[in-house]
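Same chain, two partners: chain A is paired with chain B first, then with chain C.
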Partner chain A sequence: MSEIKTVTLTIDGRQVTVPAGTSVLEASKVIGAEVPHFCYHPGLPVDGNCRMCIVEIDGARRPPVSCATSCADGMVVRTDTAAVKAIRASVMEFLLVNHPIDCPICDKAGECMLQDYYMQHDRKRSELRDEKVHKPRLVKFSDRIVFNGERCILCTRCVRFTENVTRTHELGIVNRGDRALVEVAGGGSLHNRYQDNVADICPVGALTKTDFRFKKRVWFLKHTDSICPGCSRGCNVVLDHDKNEVVRVMPRFRAEVNGHWMCDEGRDIHKRIGVDRLLAPRVKLPGREGGATPEEALEAVAEVLGEARKTPDRLAAIASSWGTNEEAFLFAKLFGETLRTPHMDVKSDSDEGYPEDDVLHTADHNPNRAGVVAQGVVPNDKKGGLGLAGILDACRRGDIQCLVVWGPGLSGHLPGGESELALVLSKVARVVYLGWKDDPVARLAHVALPTPAWAEKDGSYTNCDGIKSTSVRALDPPPGVRGEIEVLADLQARLKGRSYGRTFRELAAKTGAPLPPRRPAPALRQPSLYRHASGVARP
Partner chain B sequence: MAYTILDGHKTLLNFPRGAEGTWTLDSYRTRGGYSALEAVLREGRYTPAGLLDQVKKSGLRGRGGAGFPTGLKWSFLAKQRPAYLVCNADESEPGTFKDRVILEENPHQLVEGMILSLFALEAEHGYVYVRGEYVHPQKRLDAAIREAYEAGYLGEDVLGAGRAYHITLHSGAGAYICGEETGLINSLEGRKGQPRLKPPFPAVIGVFNKPTIVNNVETLASVCSIAEFGGEAYAQWRNESGKSTGTKLFSVSGHVERPGVYEVPMGYPFKRLLEEECGGMLNGMPLKALIVGGSSVPVVDAETAMKIDLDYESCAAHGTLLGSGGVIVMGEGTCMVRSLEVLLRFYHHESCGQCTPCREGTGWIHRIVRRVEAGQGTMVDLDELYRIADNMEGKTICTLADAAAWPAKSHLRVFRQEFERHVHEGRCPFGGRFPDPFHLGPQA
Partner chain C sequence: MNPLLNPKLPEPAYKEEFTAGRLFTYRNPSDLTLWERLYVPEVLRGLSITGSIFFKNMGLWLVWLGYWARGRANEAPRGAVTVYYPEEERPDMTKVNRGKHILTQRLNGEPQCVACYMCATACPAWCIHIDAGEHPDPAIEKYPVRFDIEIDKCIFCGYCEEACPVDAIRLTTDYHTVDYLRERMVYDRDYLLSWNPTKVQQEHVYPGGEPRRG
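== the complex of A and B ==
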């Protein structure tokens, strides 16, 4: 690897060494004295229009904007002098002069950069005597995005997003001076698949998501690091939730996975959590028909598997591609090691969603196929193990006595869909289903155990590039529903297998999952509106 | 008062004004046109580096308003080729109409100056970006470029010297901001006319991402004289007291007997320009205020105006700027609040809307001044006006915000009493007819 050239400069009397080419603004973040800014966004080209990030640099003819100034050796930067503060205050004044200051009805309040900086820099009442400039206030840019021209500070982040990230060029600034306005080119609507990002990066409340408008004040939200299960990119996200309900999904910066962005499909996947949910176990075994407690159902599964281990060749296990690495690890150990079946494979749980594109979305609509395979859920070739298609064929022939299906979507692998599924499963003596959805398999299975959705459990996922990300439990699962780790560990114990651990943290060491930082428990809800709600460093 | 260059000797307006056909090639040749180009290309009078050196020695400074030394600017041009020369003919500053005279009456001198400049810069292609409203000048320039192509001054092999030179005329769409060189470059490329962040400067990355030199019409036309007479001779054309060199066009408007465009040597006293060239004040009325270099430069009062010699140094010494040479003369009876209101309406309208202080500030101060002019202002407004203008200054990508702030601050500083009279009397003491602000939207 070539040596990265670095430069050393002084910011506010503190020395900082950064790679050559780093902007002064980025360097200021390193020492924790981030220069206030609006138009700068690390994921977008520099535009330098807001003039908020002006700093003093010794030797410069006039104070430059720190976003567009590269660090140089021996540079002396001052970000906190009276002159710099006065410039910032004046820029704030210019931004606010025509701003409606309608924070009480603005969805951005609480995480608005304009609001934050106003509180930090001035906090004076308006003394404006002239009428403000009026602009259109309720423009539907698309079904997902609503634009308020009066709140807009024309930082062009959204314009640069459509120009450089999606390269769809829908947005532009029309008109000049204080009549300038963001508009969709040609009067159409936003049509890219990443449009919710423009609302995220909007530093003010000009662009809001129809999905989040007027739903929740941001300071009521709790924030949990998660991943998006929509495709094998596995975008790192933050679930913003309250009262055991996800209210919105925001991208979480991870340079090697998703950068700053995520697609719109990922924003909506949380809405599937409550749909077609398998909420209680079902047992249809002779003598055990009808409702069962979770404990009884687990006992039934153990019984079925105990029977099946006598003929491991006639046992087959199909794993979920939405399962976590830790669950897949236990799944592989339970069926491969303890029950010794050679027939193990992973299926696609989902094939619905966006097609592949060149921004983030991949063709595989499952988050962890690679990880499940890597944990050993593969056919045992030495013993003539069958893959997914082979297992289904064997079922059709009546060669499989016990089939374990983890996760929904098996019917998607059969050309005849659900009717063929019923036919195939009718040839299998015992079908066990584990999963969070009330899948056709769940209705046909002899034992069906409900499990939590991804937002309701801890676990790591391996994306299409082999990068692991950890998702933290954000919601409580429905009452009585136990996680796969617990269920699999319990079965392992009942079937006298080796113990590998019963919690995510114990198993993470074995799967190499990155452990999530322990967020400090939120202190008392702070009354100030201007505290950034998430407490997350914001770009 | 002695001038090295004789009074009446003209290098840019070297033809009888108002005569027919001065814009044709034949007429230009009878005045010695294209002789410098032939001497350079056929006789090898200068090498490209030699001509650049002459431009440096001439002391020529950019005539568009900023006054940046032309030779120095040229020396910054990156070595990468192709490189482009762009002639800035987007003359849009209120009070400035000097380039128009060159384009309309002497376009061949611009063409020759551009070819010489292309030679010195070792570039092939020049663009002329003419403001959209200059329909007539565009026709004249277009005809001149055609004539030059036909006569072999432009084309693949110019004058048999084995060098190719091309000039393309590009019409702007009428935006003041496109006179800013990077705004012009964006517009020329087909983008929205908004200035670019600098660095990189156009001399490194300009039109189509190639090294580019942008010069004003008058600057490029002046290169002919430098090539003809030599840089040192050109540097002698000045008032003995000043350092600025060459001749300069001044477009005089306002309350004078003979408004128009005049060419005088640098350092020519304003008093003499007013009294001799312009025939004195209109109807003999007393002088009240002077804007010497186009609408953006600070206004001065009559007393100061009479002390000004028309060069960079003297203007700076008297608290203003030579700018583009757009002289606006205001006689007694002019309302200075009204004057400022008119200027700020222009800047409000023309701010490109990119940088916060300019986008919001130009409209804000315009609204305040409009209110003061209508008699609705307060003393607090006057202080606010000055403070806001001061806050706009020096914080933006280009100098449009400064160009709006300077007249605002200078009008207030020099004519404060007049603003206060508007406040105290609750009306314009000059009877300025002006609509009631409450019947006007903020975007009027």
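== the complex of A and C ==
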């Protein structure tokens, strides 16, 4: 293995050793000397147009921009001299000359670099006595992105994103001086599948997402590390939520998974949480019909499985590819070890979504097929176990007496869809469904148990490259809905199987899930009795 | 002597005492006399004070009744009865009293508010609830689709008024926030906008003089 060449330099009187080729800006981050910058973004090529990251380097003819200067051995850098501070203040003044400063109605306010740097490096009143230059506002770049030319500081981050990341080249800067403007090439609209990223990387509020526009001020949001279940890339994301509702999904940097980015499908994935939910258990067993409490439904499942374990050859279990590693681990133990069925396989829960592309999106619209398989949810070949197609065929022949389906989407595996599903399931004596969607299987099953959506539970996922990411519970599940881990551990206990733990943290040691850093609990807000007021008659 | 100027503060006076097997620490040792510590006589003395005031007021009220029967209630001594709210109001309410909110209007009667949530952020009682929407006029851009104030939670601190960048919310001097229905004590946008501009403008007093406009 070849040695990585390093260089040693001095920044603000402190020695720092970095790989050769590192920019001075990145090297300053290592020692915690923050160099302010607008146009530099670690995921994009360097442009050096905003001049905010200027530092003093001994021997240089004039202070250079630190983002475009590579570290050299023996370099002496100063990031906080009076001259540097004066330059930063001038750059800020220049950027703010024509800036509308309409922060009250700007969605970026609160996470705006211009606001933050103004407070840190400028704090002067505007000297401008003339009318500010007006530019087009509310330009629809596409259905997802709205552009406000007045707020734009012409950092070209968005342009470089479409040039280098998506390579679709839609955006460019037209005109010069104070008439310069970002425009969509040829008067068209943004048409790539990663366009929401331009709003994230825009250092100001010039690009806003129609989806998030005016929904929430950012300081009300709570942030929870999660993953995107939209495809098997499993992009690491942050769910921004408030009042038990996800408002925004933002990418979380993870070099080996998604880098800085995520696709637009993942931005919208939180909208699936509230749709078609199975909210209460359903039991349709003789003598147990009608509404059941979660406890009664669990007992019914235990009874069905207890009956089925007498003939393990006629029991089949189909796992969800949206399940977490920990759940899959318990699922494999419950059916493979305790109930000893050879027929176990994983299915696709979802087949809708963007087609595969060469940026991030994969062809598999399920986040954890690899992980579920790796946890042992596979047909037992030694005992003639059947795969998914085999199980469905066996059901059709009437060879399966008890079928456990975890997660929605089984009808997608039958060419005849829902009508064929009804036919197949009518041949099975007992069907148990476990999932968060009100799926056709849930309506046909003898017992259906609701489970939380991925944002409502802790768990780890293994992506298409075998990299594990952990998703932390951001929302409370609907009342009375218990997580799969708890349900499976409970069934294991009722069926007298081995106990492997009932919480994510207990099981994470067995599945090798990376443990998320514990974030400080958000400040408690008293539950409000407030209800929307309109429609109340007033004297 | 100012204790801030004297770094050597005296030891805090306290007394420790074992009572019923537990150690009690008294920060302020009692300086009561034996008579006072007998407890019952002092309680009776207290009761006699409140009782005498009560009976005096009752007597005055009976006198007031007599005046009232002759239609001269205004001249009577008031006694326990201070103000017959809501028929009467205190004449000495200050002109800068903070009361019910209003939303100020644009010339066409629309709210001046740009739904920036500054008031909701500043509000210590968390009683302002806003939903923002896209205004059809691009010059306005953002406006409140919904603007509710839970007046029963409001503590009338005036922070909302102070936080507003566009002078869109004001507290009037009107303190009649009572109601028989809790639901009606959530004021919605249209109710907050339904004030009579001429009336409120006359009544509104700015403690620091008229605010700078524009």
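Everything that follows uses one rule, which is that the second predicted complex is superposed on the first by the 520 of 539 C-alpha atoms of A that agree within 3 Å, B and C clash if a C-alpha of one lies under 4 Å from a C-alpha of the other, contacts with A are read in each partner's own complex, and residues count from 1 in each chain.
Operating definition for what follows: contacts are C-beta pairs under 8 Å (C-beta built on N, C-alpha and C of every residue); 3 or more make two chains touch, one makes a residue touch a chain.
Given the structure is predicted, the values throughout are model-derived calculations rather than measurements.
**Student:** More residues of chain A are touched by which partner: chain B or chain C?
**Tutor:** The larger set of chain A residues in touch belongs to B.
**Student:** If you stack the two complexes on chain A, which partner ends up touching A:340: first (chain B), second (chain C), both, or neither?
**Tutor:** In the superposed model, A:340 contacts neither chain B nor chain C.
**Student:** Where does A:137 make contact in the superposed view: on chain B (first), on chain C (second), on both, or on neither?
**Tutor:** In the superposed model, A:137 contacts chain C only, not chain B.
**Student:** With both complexes overlaid on chain A, does A:177 touch chain B (first), chain C (second), both or neither?
**Tutor:** In the superposition, A:177 contacts chain B only.
**Student:** Does chain B (first) or chain C (second) touch A:271, or do both, or does neither?
**Tutor:** neither
**Student:** Please indicate which partner A:397 is in contact with in the superposed arrangement: first for chain B, second for chain C, both, or neither.
**Tutor:** A:397 sits against neither chain B nor chain C.
**Student:** Looking at A:94 after the superposition, I want to know if it touches chain B, chain C, both of them or none. Which is it: first, second, both, neither?
**Tutor:** Touch partner of A:94: chain B, not chain C.
**Student:** Using the touch definition from the top, say if A:169 reaches chain B (first), chain C (second), both or neither.
**Tutor:** After superposition on chain A, A:169 lies in contact with neither partner.
**Student:** After lining up the shared chain so the two structures overlap, which partner does A:219 touch, if you call chain B first and chain C second: first, second, both or neither?
**Tutor:** The second partner, chain C, only.
**Student:** Is A:104 in contact with chain B, with chain C, with both, or with neither (first, second, both, neither)?
**Tutor:** In the superposition, A:104 touches chain C alone.
**Student:** Under the definition above, what is the set of chain B residues touching chain A in their complex?
**Tutor:** Going by the criterion above, the answer is residues 175, 177, 192, 197, 348-364, 367-368, 371, 378, 380-381, 384, 391-392, 394-397, 441-443.
**Student:** Name, in rising order, each residue of chain A that touches chain B in their complex.
**Tutor:** Interface residues on the chain A side: 46-52, 54, 62-63, 65, 68, 87, 90-91, 93-95, 97-98, 127, 129-134, 153-154, 172-173, 175-180.
**Student:** Would you mind writing out the residues of chain C in touch with chain A in their complex?
**Tutor:** 114-118, 121, 126-127, 129, 132-134, 138, 141-142, 146, 148, 150, 153, 165-166, 181-184, 186-191
**Student:** Contact residues on chain A for chain C in the complex?
**Tutor:** Going by the criterion above, the answer is residues 104-105, 137-138, 213-215, 217, 219-220, 525-526, 528-534, 536-539.
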